[in-house]
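First the structure, in the form of C-alpha cells, and then the observations on it.
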Amino acid sequence: MLRPLRLLAFAASLRRDSWNKKLLACAANAARADGADIDHAEFAEFDTPLYNADLQESGGFPPGAQEFARRVVAADGFLLASPEYNFSLPGTLKNLLDWASRMRPMPLRGKHGMLLAASTSLVGGIRGLWQLRIPLEGLGVTLYPDMFALAQAHQAFEPDGRLRGREVEERLRKQLHGYLEMGRRLSS
Amino acid sequence: MLRPLRLLAFAASLRRDSWNKKLLACAANAARADGADIDHAEFAEFDTPLYNADLQESGGFPPGAQEFARRVVAADGFLLASPEYNFSLPGTLKNLLDWASRMRPMPLRGKHGMLLAASTSLVGGIRGLWQLRIPLEGLGVTLYPDMFALAQAHQAFEPDGRLRGREVEERLRKQLHGYLEMGRRLSS
Amino acid sequence: MLRPLRLLAFAASLRRDSWNKKLLACAANAARADGADIDHAEFAEFDTPLYNADLQESGGFPPGAQEFARRVVAADGFLLASPEYNFSLPGTLKNLLDWASRMRPMPLRGKHGMLLAASTSLVGGIRGLWQLRIPLEGLGVTLYPDMFALAQAHQAFEPDGRLRGREVEERLRKQLHGYLEMGRRLSS
Amino acid sequence: MLRPLRLLAFAASLRRDSWNKKLLACAANAARADGADIDHAEFAEFDTPLYNADLQESGGFPPGAQEFARRVVAADGFLLASPEYNFSLPGTLKNLLDWASRMRPMPLRGKHGMLLAASTSLVGGIRGLWQLRIPLEGLGVTLYPDMFALAQAHQAFEPDGRLRGREVEERLRKQLHGYLEMGRRLSS
C-alpha cells in the first residue's frame, strides 16, 4: 500500500469529559505514530434525531447521518471507542447506525474497524463491545477480532492524557499495530 | 390476585403505519380479553433527546423519560413489541432504556414483561428481541421466556387489524396466557 | 407454598478442584438456610457422549441425559454455576442441553433457575452466563434476571469453603433470596 | 499471492445425512472452482471427550483435538458449516473449541474463516452462527462479516447434491468469492 491507511476515529459519547474520548485520543495518536492518517471526529458532529421511517421518507437523511456517511466513505476503516450502557451498546450509537444502514450505497459495507472501550468498572466495557459487533458485522464491516477494553479508566490516565503505565500503553500499541496490518492488507 | 394485572403496552416504533403497532394492538386486545388491565402507550409519548450525561447533570431527566418511568412504575409488567434494526434492538428504544436506567429508584427493576416482534421478513424479528433481552434483564426485569415473532407481517393482518388465520391468533392467545399467568404469580 | 421449594443444584465443571463447585456449594448452603430443599448433583452424573442425531435414533438417550432429565423434572427449578470458556458457555454443558432438548416432554420447559459463575479473572465469568441464558430461555426456562459472578475466585474462599468477606456472602444471600421468592411464587 | 489459498472445510455435525454436510460440500466445490485448495474434513475426525481440565493435565490433549489443531495450522483459514442447536452453537463444536483454546500456541489465532448454516426451518440457522462468532473471534479469528444461511434445507438440494436454483447457487458463489478475496489479502 503506497498511501497511508485512512481511519475515521471517534468515541460514541456526547459528554465532555468522557473516558472513551480520552482513550480514543490515545489510540488515534498511536495509530498516527504507526503511519495511519487519522480523521478525528466528535460524536456530536453525527447528531441525529431518533430514527423514524416516516421522517426518512418525508425529509431524507438528517445532516448528522449524512456527515457520518461522508466521513466513513472517505476512510478505509475506523477506530471506535464506545461506552457500555446496560450491558449493551449505547442507544445513541445504535441510532446513528440505524440511520446509516438505510442509505444506498450503505456507507459501512466493505469497511474494517477496531473497537475500544473505557469504563470505570473492573470489566472495562467489553460486554457492550460484543453487542456492538453484531450490527456492525451484520452491515458488512470486517472487525478486527481483538478489542481493547480499559478497566478502571478513572485511574488510567496521566494528567497530560497519556495512558498511565508502560504495559497498558504497549498493549494498546501492539493491538493497534495488528489492526493496522490487517487494514493495510484489506485496503491495498 | 384480586385486582387485574396492570400492563403497560407499547410498540417501539415512531412510524405511523408500523407492523409492530398493529401486532401490539392485537396483543393488547387479547390480554384485555384474558382479564388484564392495559395502559396502551404510544412510543412518541416517551420521546427523549440522545442520551448525554452532561445533559442529565445539568437539566435532569427529559419529560419523555419521566413519562416512561411513571407509566412503568404504575404497571406490574409490560408488553413490548419491537422491530429489529440491523440484527439488534432499535437505537431509539435503547436510548430510552439508557435514560431510564439512570433514574433512582430505577423504574424497571422488579417488573416483568413479554416481548413481541413483527417483521416483513421470514425471520420475524426474533434476533432483535434476543439483543433486547440483555439490557432489560440486566436492569432486573423478569422476562417471559417465550417471545412472539410475526414473520411476513405485510400479509398477516385482516383489514380490520385482526391477525389473519386462526392458528396464529391462537398461538398469540396461548403465549400471552402463559405470560399473564406468570405475571399474576409474580405480582400477587 | 406449603412444601419447600425443590432445587437441583450443580456446577457445570468436571474438574475436581473447580471454583464453580465451591461457589455452588456456598449457594446450596445459603438456599437451604433459606428453606429450600436442595438436590446437589455432580456434573459427572450427567455425563453424555457428544450429541449425534443418528446415535439418538438408534440408541435413544444416554443414561447421563436421562438422569439429568429425571432430576430436573423432580425439581421446581435449579441453581447452576458455570465456568466461562472462550467468552461463552462450556461445550460440555451445551452438549447436555442439546441432548435434553430432544426429549419429549422437554424436561426444562416451565422450570425456573438462577445462574452463577466463578472465575479467577476480574470479570468473573459473567459473559459466559449471558450466552448460557440463550439456550435456557429458548427452551422455556424463566431465569432470575440477576446473576451472581464471583471474580478472583482463587482469593475468594476460606479454607473451610465459605466465602471470604461478609459483603460478598451477604450479596449472595440476598440475590438467592430474591430468586427463591420468585421461585416460590412461580411454583405455588 | 502466488500459491492457492488453503482452507480447512468441515461441517460441525456427526450425523450421516446432515444438511450442513451437504451445504459444506457445495461450498467446498465452489471454493475449489474459485482457485482455493480445500482440505475437506469430517467432524468425526475431531472427536474429543468432554472437556475436563484434570484430564488435560494428566493425559494431555486428545487425538481428535490434536488432529484439529494440525489441520487448522496447516490452513490459512476455514469454511465451517454449523447447525443451530437451541438458538446457539452445538455443544459438540464448542467442546472442540474449548479443547483447542488450551493449546499453546493456540492454533486458531491469526486464521480467518467464513461461517455457513443449513436448517430445515425458515430462519436457516443464522442465530446459531451469531453465537458461534463469539468464541471464534474471542480466540483471534478474523471472520468474514457475511454468513451464508440456507433455510428449508430439505427442499434445497438436487439429487446429485448441488443446490437447487440458480439464484441460491449464485448467492453462495458470490459470498464465497468475497471471503476468498479477503482471505487472499490477509494471507499474502
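Chains here go by letter, A, B, C and D, matching the order in which they are written, and residues are numbered from 1 within each.
Assume contacts are C-beta pairs under 8 Å (C-beta built on N, C-alpha and C of every residue); 3 or more make two chains touch, one makes a residue touch a chain.
Remember, it's a predicted structure, so these values are computed and weren't measured experimentally.
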Q: Starting from the Cα centroid of chain A, hunt down the chain whose centroid lies farthest away.
A: C
Q: State the pair with the higher C-beta contact count; candidates are A-C and C-D.
A: C-D
Q) For chain A and chain C, what's the span in angstrom between their mean Cα positions? A) 37
Q: Go ahead and note the Å separation of the Cα centroids belonging to chain C and chain D.
A: 30
Q) If you look at chain B, which of its residues touch at least two other chains? A) 87, 130, 134, 138-139
Q: Using the touch definition up top, name the residues of chain B that touch chain A in the complex.
A: 14-16, 47-48, 50-55, 85-98, 101, 131, 134-135, 138-139
Q: Within their complex, state which residues of chain C touch chain A.
A: 87, 122-123, 126-127, 130, 151
Q: Within their complex, state which residues of chain A touch chain D.
A: 130, 133-134, 137-146, 182, 185-186, 188
